[in-house]
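These notes open a run of structures that come right after.
Consider the two complexes below, in which chain A is the common component and chain B and chain C are the respective partners.
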Partner chain A sequence: MPALGPNPRLAVFKFASCDGCQLTLLDCEDELLTLTRRVEIADFREASSQVIEGPYDLTLVEGSVTTEEDRHRVQEIRAESRFLVTIGACATSGGIQALRNFADVEEFSRVVYASPQYIRTLATSTPIRDHVSVDLELRGCPISKHQLLETISAVLTRRTPDLPTDSVCIECKRRGNVCVLVARGATCLGPVTQAGCGAICPAFHRGCYGCFGPQGTPNVPPLTHRLHELGASRGELLRVFRTFNAAAPAFRQASESEERAKT
Partner chain B sequence: MSPAPSDTAGVLERKDLGRLLEVLNGAGYRVVGPRVRDGAIVYDELRTEEDLPIGWRDRQEAGTYRLERSEDGRVFDFNVGPHSWKKYLFPPHHLLWSTRQEGNRLQVAPGPTLEDKPLAFLGVRACELAALQISDRVFQGGVVDPTYSQRRSSALIIAVECSTSAPTCFCPSMRTGPEVTQGFDLSLRELLSPWGHRFLVEAATDRGRALLRQLPLRAGTEEDQGDLGAQRARVRAGIQRSLPVDEAHDLLQENLEHPRWETVGRRCLACTNCTMACPTCFCSTTEEVPSLSGETSEHFRRWDSCFNLAFSQLHTISVRSSIASRYRQWLNHKLGTWWDQFGTSGCVGCGRCITWCPVGIDLTEELAALRAKAPSTPTTAQGAKA
Partner chain C sequence: MTERTVAVNYVARVEGEGALRVRIEQQRVREVELRIFEPPRFFEAFLRGRAYTEAPDITARICGICPVAYQMSAAHALERIAGIEVSGTVRALRRLLYAGEWIESHALHIYLLHLPDFLGFPDAVHLAERHPEIVKQGLELKRAGNQVMETLGGRAIHPINVRIGGFYRCPTSEEMRTLRSPLERALAQAEATARFVATLTFPQVQEDYQFVALRHPEEYPMNQGRVVSSSGLDLPVERFEEAFQEQQVPWSNALQSRSKEGGTYLVGPLARFALNRDRLTPRAAELAKELKVPSPVLNPFQAILVRALEVVVACEEALRIVRDYREPSEPFVPAPTPFPGGVGQAATEAPRGLLYHRYEVGQDGLIREAKIVPPTAQNQARIEEDVRHLVERSVEAEDAQLQDACERAIRNHDPCISCATHFLRLDLQRN
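Our next item is the complex of A and B:
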């Protein structure tokens, strides 16, 4: 991990995204003041129009690459950043907008926009890692506040942050939840999804829908097999794997195999 | 007027069960035990008798758990659920200590230790008594874990003998149940027959006897013993699964390259549910959570599992990257090398790992497959080795 100067500069940049992950930073109300004492917030347009030019010590990148300009801009940002952390499902897997990867983007443009001739967009939505080297990734839609603070604190003190690649189930069991899959037959992606959310959905009696993307060693086929046995239709499983991390390889393979079996 | 009970045993009528809760509360215990929550019978705080799962039954299969109503009003007509007592003795996420930097000094404050109230575990089954004794060896056999040992020594153990068995149970073959024989302060055996709905109560320690004295008991009768014998026979007859406890160690050691590991590795999700639900799995990791200012920090312990990729990470790589190798590690430790380490099997036959595995992987089936056929040709078991 690179050594940082006495007054490290933090920048936050946005690509194709909803801003929710950046908002997680603003949500750190109790820690925000401390943060401003530890780092100089150089570029964070969601919070301030005051902008300081790079280079930056720690850069948080939200959103996916969906346009030609994005492709260039992300290169420039990388060149200006010592430590680059991507935040959220969009930046780490392409986000919900990666649904276009499974369809014809021109057709989408024609349906959605009144004047599609003004739309210039790429055929795919891709994670930042596909374009530049990334030092760390924070999963989630949105990211976890705890993991964000842990990461910032780790970068500031030059240690490796604690970002487990375990499944959601371990958080679910630690929390004492009753498993909705076993006790109700509900569709839950917890076993193949990465921890970090604290198993919020099962705690509210619903299945995990995979917003933290695939866990460290996702083994999806036996889970989909079991969910079919429990009554989930191909269409339902196609939909649950095609949400915020639709283009993450393990989830993409799962939805494609449901699609093939359906037709 | 019924004959008087002895000072170690007697019979409590069903209508007087509430008295037990009152006596425990009165003696200053925090009573925890079974209660219905979110479609399962979990362990949680109990205040009155109504908190118990009266008239509820569970239906368990590999990968399936369902609750249903029963008509006869039995109080303990179910088997073990998703929780185990380990959550009280070895909390899932627990502050070990916190530190504060003051000038050049580091102040260390210990995490929370004893609760103000001792715990009373109400409803500990035979397999769970065995699990507690295994955990005793793990947590206080060598280096003593202070959190565990403080809670364990103050906890009052009220056992309940199983009056029913689940298809996932296999305690007889593990020699851990279903009869409750030792390891408790007080025990209850629920009987329901034309002779009445009542509990045979037995005290095995001074603490148990002190409680027993405060309960309205009558002496036991021949009918009570008859009902108990019939109930025990029924419970044993209902148990379908078994595991060769004495053979397991060598069987596993001799079959480290068996192709079955690959087969189960293809089914296993590496989700950790089996190890989380298991009453004896004890692995943990620690986490340091410094404040952003860097002036204070908290050091936690949290449950970890050998099914996690990072669990076997040495420096930067995981030495058990394949799921097959993690399943093999788990079963080998649980049923095999646990003997070398703690002089006992790590499994008590409670069946939780079978029920709570989302894909219903069954360790008794896996062991049977190893036993059925030794590998015909030597295999490299690529994945299992990795």
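Our next item is the complex of A and C:
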């Protein structure tokens, strides 16, 4: 962990995304003014008109790379950043817009735009780490406020942040939820999804839909086997793995395996 | 030749990425282009082939600031196809969730994005150094909105509890009780906010807007109503596309909407207020009178005041729903099996204005076609007109001043660029 000066500079940059993960920083209502006394907000366009040139001590990057211009911009941002943290499913796996990776982007463009020739976009949506080295990744669609604050304070105090890579199941048990897969037969990705959300979906009586992406050591086949036994169709499982973290390797393999079995 | 280009290369304090290019020739404004360079994400394309039950969760990801709006428009449109109607307490809970989003989104815009313009600060952090009590009040108000969304939706951004027919689980009476005191405090803070922003100095501007909003027989509009306009239009939502159409312009990744006659129009707080003043909740109505808020408000800078009044509406409604709450026996109305398929449209009032969705779904429950018309796409052409008028009025100004003024003119309408891309840099050319 690099040593930081007395007034570390924080920057927040956005690529293809919904703005929800950077909004998480503004959603830290109780901590925001304490945080801004500890760091200087150097570049955060959604929140400030003031822009201070790099280099930056801590850079948060939201969104995925989907344009030629952004491929270059991410390099420039990396070169100006001492510690770079990617935030959210788009930045860490390509996000929902990575559904284009499984389709023909030109056709997508024709569906939405009458004159697709004006639209410049890449055929794939890719995570930031496919383009530059990343120091830390925060999962989630959106990220967890708690994990964001933990990460910022860890970087400021030069310690390793506590970011578990075990499954939602562990959090679910800790929360005292009744298992929705066992008790309700719900299609739940909790066993293969990384913890961090606090097992919200099962607490609301629905199955986890995998918005934190695959956990550290996911064992997907036994889960899909059981879900099929409970009546989930191949199409349903294909879709549930192919949503907010569709291009994360373990989820991609799972959806492709359902796709092959379907045809 | 005195050609001049004024450019704002990245409009700050708005949601998403956009720029503005203004070309001035012989002291006359030739072109105003609001350019949305936020990369396209193709939601309408990848919704094809998805199960109709997935649309609320997927479309929420269009915008992290107003996910509930997307969930609501999607759910209502698909419920029309399913032939189900959500009523009673579950309907009230949807209004509560939407009120939470209005409080959070409006408080964010009023305090963190818009107020720094009026008080001369680059952001709320610098504002907080001089006036910590103001920013603290804003953050507390915002937190109350987020608490509503967390209690009812599981989390503030991309809530997980909305489904076709209602909710996965309704909150317990105890969970709802925890919202009472924060909402009572929020209502007092919302009223204080309206009184405070009414004292700001507003540039003297009057625009001739065509307003479009929903109108409901009893309520200030959120989830339901007819599409009405200040020029007398009054249509059921399913005829929205007869009156308004989207067009693509080469300089933007967002489609622009216009009325079928080719005119620009405005959705959002100013439009809702102009067309629904008689539907304000009691304390909001009293406050509008006390503060002598004109009817309609045609000064875009005063949108901050209308937003504050709408936070009062949202707090009053949220409190009413929380106080009257009794846990319903079923959290949702089930869809019929087999699924009938068909075409369904709905519009709801996102914090930034009317949000229209249309879906065509097959009898297999899979989406065949989706069309989403977000508020900022509808406002884009009208915002360009606001900017054009501003530059015409202040064409003698220095570039830096003009750039700043243009950004303010855009920010008045709280554009959400992430939504509209399916927006901002200022590039001012003078000739």
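FYI, the second predicted complex is superposed on the first by the 263 of 263 C-alpha atoms of A that agree within 3 Å, B and C clash if a C-alpha of one lies under 4 Å from a C-alpha of the other, contacts with A are read in each partner's own complex, and residues count from 1 in each chain.
In this section, a residue touches a chain if its C-beta (ideal position, glycine included) is under 8 Å from a C-beta of that chain, and two chains touch if they have at least 3 such contacts.
Please read these numbers as outputs of a predicted model, since none were measured by experiment.
**Q** Applying the document's definition of touch, where does A:C18 land relative to chain B and chain C: first, second, both, or neither?
**A** second
**Q** First (chain B), second (chain C), both or neither: which does A:E150 touch?
**A** It touches chain B, and chain C stays clear.
**Q** Between chain B and chain C, whom does A:R206 touch in the aligned arrangement: first, second, both, or neither?
**A** second
**Q** Scan A:E107 for contacts with chain B and chain C and give back first, second, both or neither.
**A** In the superposition, A:E107 touches chain C alone.
**Q** After lining up the shared chain so the two structures overlap, which partner does A:V192 touch, if you call chain B first and chain C second: first, second, both or neither?
**A** Only chain B; A:V192 stays clear of chain C.
**Q** Once chain A of both complexes is superposed, is A:D162 in touch with chain B (first), chain C (second), both, or neither?
**A** In the superposed model, A:D162 contacts chain B only, not chain C.
**Q** Using the touch definition from the top, say if A:R38 reaches chain B (first), chain C (second), both or neither.
**A** first
**Q** Looking at chain A, does chain B or chain C touch a larger number of its residues?
**A** Touching more residues of chain A than the other partner does is C.
**Q** On chain A, what residues does chain B touch that chain C touches as well?
**A** 205.
**Q** Okay, in this complex, where on chain B does chain A touch?
**A** Of all residues in chain B, those touching chain A are 37-40, 42, 63-67, 82-83, 87, 92-93, 266-273, 276-277, 287-294, 302-305, 308-310, 321, 323, 355-360.
**Q** Which of the residues in chain A come into contact with chain B in the complex?
**A** Residue positions touching the partner: 31, 34-35, 37-38, 149-150, 152-153, 156-157, 162, 164-167, 169-170, 173-179, 181-185, 188, 190-192, 205, 215-217, 219, 222-223, 225-226.
**Q** What residues of chain A sit close enough to touch chain C in their complex?
**A** Within the complex, chain A contacts chain C at residues 14-24, 26-27, 29-30, 32-33, 36, 41, 44-51, 66-67, 70, 95-97, 99-100, 103, 105, 107-109, 111-115, 118-119, 121, 141-142, 197, 200-201, 203-206, 209, 211, 236, 239, 243-244.
**Q** Report the residues of chain C in contact with chain A in the complex, numbered from low to high.
**A** Contact set of chain C toward chain A: 10, 12-17, 38-46, 48, 50-51, 54, 57-58, 61-65, 67, 108, 112-113, 116, 122-126, 128, 132, 135-136, 139-140, 142-143, 146, 154-158, 160-161, 163, 167-169, 247-248, 250, 253, 255, 407, 416, 418, 422.
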